[in-house]
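Please read the structure below before turning to the comments.
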Amino acid sequence: MTTDLVQAIQANLLSPAVLFFLLGVFATLSKSDLKFPEPLYLGLTIYLLTAIGFKGGVAIASAGIATVWLPALMAIVLGTLIPLWSYPILRFIGRLSPVDSAAIAAHYGSVSAVTFIAATNFLQSLNQPYEEYATAFLAVMESPAIIIGIVLGKLATQKPGESFLPTLKVALHEACLGRSVVLLVGAMLIGFLSGKRGYDATSGFFVAPFQGVLALFLLEMGMVAARRFGDLRKVGLFLVAFGMLMPLLHGSLGVILGHAAGLSLGGATLLGVLAASASYIAAPAAVRLSLPEASPTLYLTAALAITFPFNITVGLPVYFEIAKWLFGETP
Amino acid sequence: MILHPMKLVTIICEALARSHVTALLDEVGAHGYTLFSVEGVGAQGSRVADIEEFANIQIEVVLTSEPALQLMTRLERDFFSRFAMIAYLSDIQVIRSQKF
Amino acid sequence: MTTDLVQAIQANLLSPAVLFFLLGVFATLSKSDLKFPEPLYLGLTIYLLTAIGFKGGVAIASAGIATVWLPALMAIVLGTLIPLWSYPILRFIGRLSPVDSAAIAAHYGSVSAVTFIAATNFLQSLNQPYEEYATAFLAVMESPAIIIGIVLGKLATQKPGESFLPTLKVALHEACLGRSVVLLVGAMLIGFLSGKRGYDATSGFFVAPFQGVLALFLLEMGMVAARRFGDLRKVGLFLVAFGMLMPLLHGSLGVILGHAAGLSLGGATLLGVLAASASYIAAPAAVRLSLPEASPTLYLTAALAITFPFNITVGLPVYFEIAKWLFGETP
Amino acid sequence: MILHPMKLVTIICEALARSHVTALLDEVGAHGYTLFSVEGVGAQGSRVADIEEFANIQIEVVLTSEPALQLMTRLERDFFSRFAMIAYLSDIQVIRSQKF
Amino acid sequence: MILHPMKLVTIICEALARSHVTALLDEVGAHGYTLFSVEGVGAQGSRVADIEEFANIQIEVVLTSEPALQLMTRLERDFFSRFAMIAYLSDIQVIRSQKF
Amino acid sequence: MTTDLVQAIQANLLSPAVLFFLLGVFATLSKSDLKFPEPLYLGLTIYLLTAIGFKGGVAIASAGIATVWLPALMAIVLGTLIPLWSYPILRFIGRLSPVDSAAIAAHYGSVSAVTFIAATNFLQSLNQPYEEYATAFLAVMESPAIIIGIVLGKLATQKPGESFLPTLKVALHEACLGRSVVLLVGAMLIGFLSGKRGYDATSGFFVAPFQGVLALFLLEMGMVAARRFGDLRKVGLFLVAFGMLMPLLHGSLGVILGHAAGLSLGGATLLGVLAASASYIAAPAAVRLSLPEASPTLYLTAALAITFPFNITVGLPVYFEIAKWLFGETP
């Protein structure tokens, strides 16, 4: 399995998507003046989320809800539990403050859509089939962990007599009606309702250019992640280790649960990737507003500068090899 | 034409504070405001304007003296420690004093 | 015909384009923070207008001017007449002020490019052929009604001794060299000149992704329209009725004229859609500058919050059923 | 280095007024101006910055005192009732007084 | 609440001068700055905001009096003749004087 | 050859790309309010540079470095020499100041990526094959002439005792890590590393819509160029002639060198186009910072308002006809 793994990592590192990511890292580190203005970033995000959501919805319609609900439930459970064990690890092994521990736990329980999209791309490049409806797991895993993490953090910082319901309401609104949720869930519903016919009409836009757009977007994400590399020194060794070991743990758990829920090799890999990924857009936005005492340097650096690049470059092939091993595809 | 003295409060802050700040503007009785995205460098690092959630906004409000001071006080009390933010007050002159 | 109509409306409501429009409406009403920044809106507009113009030009070249001029002339006549009967209805039945009546009349005589594009999309999804050169009608119908409406409004507000020629010159410049006219007519000319060869070279951009881009754009337009829903209370019941009944009248007229001019079932439907649609970009811009006394709340709400959503969701299938009935395709 | 007093006129208005305002700036003799898109909330509703035709712009002009007052007067006379717009005057200091 | 007088220096210049200006801000000891893209018309022609290399930026810096004057002096000495640029100083008031 | 040439120019003028360019010129001259906001311009640039770079890199991988190095070296030599003879012509025939002469020389030695891309488009529309790896020449020709020109200019303006090393360092950084170099060379490396497999995965984005995107981008470039037409009067007849005759000279030289280096008819044409083109983004940025005494009106007007439109409309077919003549394809 070791040589397989090394080869898989090598192959992943030579895919256009990952290479563009590394080019973005290089552009930032070399102080090039390359940049993506906000509307371009937003345009690419809107495209990627609606495309993945739409295709997922079409897939749910063709697979039937009966097939999707069980693994989706498992995904929710996983997303809910991850912050519960991440919190004590951060708090007692990492010796971080209660509110920082809660904030980081929220990020690791939630998910990164871009990592998920990169994973579907990765599987496609290997001609590995997967359940297209896995997008549903992405949709349902985004919010629960954020809510849990914020509750944990509020409990930790609560002054006597103070109610935290108002903050929770803000966080819930953010978690359920934030831009990315509306786009992803909305597009999924649209795909579900318009089905194969709608898919055929729009595939020249939502399907054909998708992988190339992702590559270009990862160029930007490489720049975004690299801008935070300077903060790596500030966060300490513990968090660096946490940002790479927890994904391995969560990734394995996700693969195992996916297997148990009857997903295929590809689908289980995707559930592993979701569990392993850490949110760096939705979670920071909600946490910034609900737990202002938590340090953005810690949670953003962990999610964006450690876990995200780790998953994109090394994590994806690792989770896939774990899945292959579990599914007995490697001797 | 008579020019009336008025106050301009300029707030530069992380974009995530947006809804909180505009709610405060309502509270102190501002009749309007103007807003745009900016890049910035400050004590809490540099904010490049590519991802809206990590970016800065500049908010400009024209007010009479009293609500302007009230706004500054509230910003100091509830916002400065919580958000990356600066705010300043300046003297301006307008024609239609009843509008602000 | 009733069940046909209900089915046609249902089918239209389940197309990706309309569903994305409804998602946009939902995003605004639920106060989600989703938004399209100006450059993205502009980029999509530029794409849609050049694409539709270019394809129309190629079609004119292949059909020959001899085929196009008669229905195009009818389209101009229709666009010129609509404000002339809309004005007295608004003025004397709706009891609106003269300048508001003139302003609204200008909007309903002019056309909405997005509604037209959505109609071509609608016909394509039904595999209903249509004259691709119908884009020419879109191009020639944009300006005449705006000029007529502004003249009506100027006559109504004119102080003795004042000349309105300068304002008319500004309005003419706006109506003939405004962004959308330049893009549409320019691209049409380019399509006409570069023909099939140019079409083949650029179809990977102007044709393949077109329907998907339109869907995404309608997401934004749903948000734009819904932002005006709050003004519905201000405009009164008359204007709400006007915004749905006049399109039905104009749509029928357009279909009949298209039939008379020898257009196919699809082409007549498109002429109906154009007559039924109300301008919400070009007309407001010209009217705002030339008739500043007219209330934007009235004309924008009517065109954008009533007629546009009505046409996109219900109007398109209705005009098509009317055309089918006229062409004798339904027993 | 000597600093010379100068006036800054800031105009925030609906984008459709643009060409009219810049024509007026020419008329009062401004040597230049600066312009950018903004979002805004005011008496005439809220203007989101997605469709240019419905958006706001902010125009800043540095002027000597007299043309600045002339500009304010003209804005009041010809623009305030016609367009969604606010304008205000402030005191600034510049080095190259002959430039403005 | 006490308000402290402070200076605001506003610089509008061609975007190519950006790194030079921010280096100067560091030199005079500014603790931060705010920056955004603008269109402009001035002595050196009109700058439309489509190609970044040919566009304008507006930089705003809050400073105490001395470094503000130093900044203006340096801008005049090293920048005005080299770049399309204007700069002006205004009086503002802030709460946290130690921040600037 | 004359009728061939006239026909070739006519055909080029009727291609969508050139027609969109002319539409942009018209939009500016007629004072239409059409404009492309900065993020849209940037997005199109990023797309075009990464697409052309990526495809070039794939082509280098398949052709092998052994094939590419010799013509690439010739391209570098040409780029280095052009400013050396352009300088005395500008200085002594045109009687321009030393620093203006150096600045303009830098622009004409460097290259215009958009002109190159338009040339590949032109060859494709004629079904004329060319070495896809020619993008490598574009990449290596951008910087040398800028450095040479700046050194010439610094020598001319140097005060005794002053060192120009710091400025040169800035210029070098700009020339080697500027946005366009990073994108082009980076994407080329990515294409080289990910090869055919990466190409197939992303061709729905990097290949299929490419020609259409270029057409749209030339619409913007037509506006940008036309905005400078007003300065034509200021620059004098000499520079107008220089801006059209030097491209003819350099274009012929490039074609001859390409022929000598063993390139095909299409490849030699491309080397001619590169030599003939003048930089209007990278060179102005570097020169503005390093030679502030040089007048932007002169170098920008020459490169952007004279040479660029000349090459796009007339130059491309001319260099191609020269190449055909040299390769003996026309009797």
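Residue numbering begins at 1 within each chain, and the chains themselves are lettered A, B, C, D, E and F in the order written.
Quick note on the criterion: a residue touches a chain if its C-beta (ideal position, glycine included) is under 8 Å from a C-beta of that chain, and two chains touch if they have at least 3 such contacts.
This is a predicted model, so every value here is computed, not measured.
Asker: Compute the shortest path length in steps from chain A to chain D over the network of touching chains.
Answerer: Minimal hop count between chain A and chain D: 2.
Asker: What's the overlap between the neighbours of chain B and those of chain E?
Answerer: Looking at chain E and chain B together, the chains touching each of them are D.
Asker: Measuring between Cα centroids, which chain is at the maximum distance from chain E?
Answerer: C
Asker: Looking only at residue numbers at the chain C/chain F interface, is the share used by both copies over half or under half? Answer same or different.
Answerer: Different, since under half the interface numbering is common to both chains.
Asker: From the C-alpha centre of chain A to that of chain E, how far is it in Å?
Answerer: 40
Asker: Averaging over Cα atoms per chain, report the distance between chain B and chain D in Å.
Answerer: 19
Asker: Which residues of chain E are in contact with two or more other chains?
Answerer: Chain E, residues with two or more chain partners: 36-37, 49, 90-91.
Asker: Could you check chain C for residues that touch two or more other chains and list them?
Answerer: 35-40, 42-43, 208-209 - these are the residues of chain C that touch more than one other chain.
Asker: Report the complete set of touching chain pairs.
Answerer: Contact pairs between chains: A-B, A-C, A-F, B-D, B-E, C-D, C-F, D-E, E-F.
Asker: Under the stated contact criterion, what part of chain A meets chain F in this complex?
Answerer: Answer in residue numbers: 14-16, 19-20, 23, 26-27, 30-40, 43, 121, 124-125, 207-213, 215-216, 219.
Asker: Along chain C, where are the residues that touch chain D in the complex?
Answerer: Of all residues in chain C, those touching chain D are 35-38, 40-42, 220, 223-224, 227, 281, 284-285, 288-289, 292.
Asker: Going by the contact rule set out above, which residues of chain C touch chain F in the complex?
Answerer: So the residues of chain C touching chain F come out as 37-40, 42-43, 46-47, 50, 54, 173, 177-179, 182-183, 186-187, 189-191, 193-194, 197-198, 201-206, 208-209.
Asker: Which stretch or stretches of chain B touch chain D in the complex?
Answerer: 1, 3, 6, 8, 22, 31-36, 60, 62, 90-96, 99
Asker: What residues of chain D sit close enough to touch chain C in their complex?
Answerer: That would be residues 14, 16, 20, 37, 48-55, 82-83 of chain D.
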